[in-house]
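Common to both upcoming complexes is chain A, partnered first by chain B, then by chain C.
Right, the complex of A and B next:
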């Protein structure tokens, strides 16, 4: 396989994110990861929902599909079913994935197709200018929670772990090379892989959620002796979401089951001999 | 000898009424009859009331028929729950279980005096012959076989297929029950025999299926390789059949977590280059609307089957209605045009589904098929279909040279742009729900938006010319007209035949492409019309209202519409036509008088 430079994956569209947005680092990490994987851009399908971060497929030279709010996962699963050879990436924000599209997350996980799902989690709605998000900390004052919010935030890591995801990681663009490695590992995992990217909103985000703060707060799971093959440890570490900024792999199933797309292929192969020629399709209704 | 007979039966959930109906149509199909069977249930899953109507004929059938020739009531409480669906009138022969304790001259049928009444000791006959009460419908089959002359051997062979696997004892019990019924019929002949004339040819090669199953088979025939959907009555059989068959053809069926995911996956599969389909009913249509708009703006082919039921909301989940027409045509924000097709019978569901895939792939658009509960779940004999006569279209892929400088939404003369799919080198682009330019790049420019809107409407120019997608039947110069779509078209076809037999000149228009209107055909049709009816199973008369929106409708045309689960009878349509004819004559003679 010829090596492809990260630039091969960079499109001509100029991102319209705010200067200083965390998503710039995320897209850089993606270019790097895809370069390391080495599949050419036309074999990659990059599906997103709606939100600032969902613009990301447009900035890559892969096939992209910027769908509707909250529906990136279903569309991506349809793509994978139609052509399991494709490398399928899914991206969106915390609102897209855990609010409007939240119903799809556990089902995509239990279906376990070989997909990589990146959530750019900034704890706020940026595109609609600063409202409460499902991961906003309790009490946050925003334009839609003027006196502070009553809801406790969703914990994305705990949510996907409890739904049975085989690969769960967290990264930040404050450590772009580290994030690139995580994306690469997620792509290589043969099943549904989830990365929560703490990607700061420079315009509406809180001060302790900015890149500068990340640089001092982030703590690699390696450095605290975390064993990513230990599910209970992963659960325990993931409960620190919102207090500790862990980076790295929380959980990697040491014995990944066959992914859905592999099972589908096997079923197709098994049943193929029973196919009838198309012109004889209606014979199944014949009164003999 | 009769050539056409309608039998209606009702009982409780466990009686096996529908199964008996299946046995009847299956035997009839083997004998070479044309047959239609509709089922109707109460809302209960188990138990509750259930009924079926079986219509047999030596001629091709267009609908389940009107009032019953033979009514079979295992008990009256259940029978009466299907008042409109199992209509009894003065020509009906009523057969019921004498165990109900109701005297033959005291039947609970208000204002109706049936032609003949048989109070049959059904329960006793069953017990004495089969040794159990559970074979009641086998006695009924024996009775019917004897009375209408449907082959005893073929029906018995059917019982063997049905019960053979369940053990010899059960089979023998049902055979004895059948014989008991057959003998009873021979000993109690009808005053006016209802013996069926035998068809000229035996039923070899006839298909027996329903609208949902044949739609699924047509999808496979068209090359559909993906189905994403969510179970919903009365469309679920489509995903069930595809879930059994689609793998053999390299495809996949996914039962999604909800209706939105179902169509989301379908759009994804289409983006990835496969022919894809989803199916639902009214409440699911509501949920799928947003993604349907995505498919329109991203110009991705997909077929969406809506098997209509009564609405709004949960409505009448098990009964047919034609009230989703407005929704199919107009439920979208933004300016959208998408083809809406409607089958008129089971066989037609095959043609319409193949057409739907062709339109979807050719125009790169979602296409909606509006079927309804009656067509979807009614069993019908279908004459052999010569599949080689059908064209199957594929989407327009980019050529090598087009891939050199690929523009996904290239402004071609037809408005149809070459479409690539992931995996195709040089064809990478961004598909999006956001407005985009010819290259697929997002844009908020008014100029781009109006240009792309124009392209998305222009590409349908040839669709508006598809005269073959509107059928005109009857006398082309007739001043009297019927207009109908979907299952109701079958009722009107029969009314048209009856009118012709009575010397009443009538014509009928049936749009397969319900929307957009193929305006030329409609205009020509309406030109000679002095009076007419738009017959529809919806409270509002939605097609009539749409005609007023898009066409110049002559003042003599009126809406003949009613809510779902209240079937139209061909004879009442005929009666309305006669009234219109009389008033026309009156109007004409008055004009003549004035002129004189």
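Right, the complex of A and C next:
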């Protein structure tokens, strides 16, 4: 296998995220993970929605598509079906994934294409200057909740676990090497893989959500004896989203089912003998 | 500040030199990244200082690389960047739009202290006397860098950014 430097995946475009933003560490973790996987940029595609974190495709030399708000997953599934050999990574924020695109998440999970979905969860709409997002904690004061939010936040980990995701993990750029390892593991998982990345918004985020706070709060799941093959344990741990900052793999299905793209290939092989030859396909539509 | 998969008790001089090269390389690349962030966000004075640090770290890196080549030639490098994180590199969250040159100096000082503490912590774990000597030398160099930064800080107005004043012009991309 050829060794690729992480810098091979770095594009000439300079990120315009705010200085100190967590997404800088996330993109470095992605470069590292892709370098460890060893597939060249032309075999990789980044698909994103809209938001600060959705700018990621521009910062990579891999193929990229910065789609429309909340529609990264449908486009990514289309890309994967059109070219199943591509390694497809999906990136977006908590608003893009769990509000505007929230309806796509369970269906992408149950379809189970071999995709890696990274949500950069900063609990706020940063790009539009600090409104409540679906993962904002109850009581958060923002420009759209001046006296504090009444809303129960979505728990991304519990949401994807309950929808049946086979690989669920959480990381933070405060532990960039750990995050790179998680991304690598997620890519290697043969099916839909989800990583919730606690990536702080340096401009509109709360103090206790910043990288400095992560460094003291984060607790690896390994260190608390978590068994990632135990689904019930994963559910229990995921309920602590918002109170504990667990990092690592919550759940990895020990017997992953075949992914959608593999099943499609198999069906194509099964149907091939009965298929109409290409040169006779037009005959079906023409009266002779 | 972390290392992964390095057994300091078994570290030989060649790998120790390669590790030192990578530590300087990581710091150089991080200063470059932070300088770019500040340039994009109209904070040129702090960016100029980080650019200076890029050159300083590159000088250190190339000196170590030359030494490695003199001793061991072009033999393969057995340690990788994946084995280190934030040893001398400033952390991602030390920068802010509109930070002052003094704050940039403070960030660099923290990194030099961090690097010093790293070498101080690993020296007792090293068995090879030559590696011990090298790490001790690098630890003392970090002290010299701290002295240089202290002098620079004395020459720089101790002005800090006003919290909440994050006015920043639009960017095109």
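One rule holds for everything that comes next: the second predicted complex is superposed on the first by the 276 of 288 C-alpha atoms of A that agree within 3 Å, B and C clash if a C-alpha of one lies under 4 Å from a C-alpha of the other, contacts with A are read in each partner's own complex, and residues count from 1 in each chain.
We adopt the following convention: a residue touches a chain if its C-beta (ideal position, glycine included) is under 8 Å from a C-beta of that chain, and two chains touch if they have at least 3 such contacts.
Since we're looking at a predicted model, the values are computed, not measured.
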{"item": "First (chain B), second (chain C), both or neither touched by A:180", "value": "second"}
{"item": "Touching partner for A:203 - first (chain B), second (chain C), both, neither", "value": "second"}
{"item": "Partner chain in contact with A:278 - chain B first, chain C second, else both or neither", "value": "first"}
{"item": "First (chain B), second (chain C), both or neither touched by A:222", "value": "neither"}
{"item": "First, second, both or neither for A:58, with chain B first and chain C second", "value": "both"}
{"item": "Chain B versus chain C as contact partner of A:6, first or second or both or neither", "value": "second"}
{"item": "Dominant toucher of chain A (residue count), chain B or chain C", "value": "B"}
{"item": "First, second, both or neither for A:18, with chain B first and chain C second", "value": "second"}
{"item": "Touched partner set for A:82, first chain B, second chain C, both or neither", "value": "first"}
{"item": "Intersection of chain A interface sets (partners chain B, chain C)", "value": "13, 55, 58"}
{"item": "For the chain A and chain B complex, residues of the former touching the latter", "value": "13, 40-45, 47, 50, 55, 57-58, 61-68, 71, 73-83, 85-86, 103-104, 107, 111, 264, 267-268, 270-272, 274-276, 278-282, 284-288"}
{"item": "Contacting residues of chain B [partner chain A, same complex]", "value": "26, 29-30, 203-209, 213-214, 217-218, 220-221, 223, 225-226, 228, 245, 247-252, 254, 256-258, 260-262, 264-274, 276, 290-291, 293-294, 298, 350, 381-382, 384-385, 387-388, 421-434, 441-442"}
{"item": "Residue ranges of chain A in contact with chain C within the complex", "value": "6, 13-22, 24-25, 32, 36, 55, 58, 173, 176-177, 180, 200, 202-203, 210-212"}
{"item": "Of chain C, residues touching chain A in the complex", "value": "2, 4, 33-34, 36-38, 40-41, 43, 81-82, 85-86, 91-97, 99, 166, 168, 171, 173"}
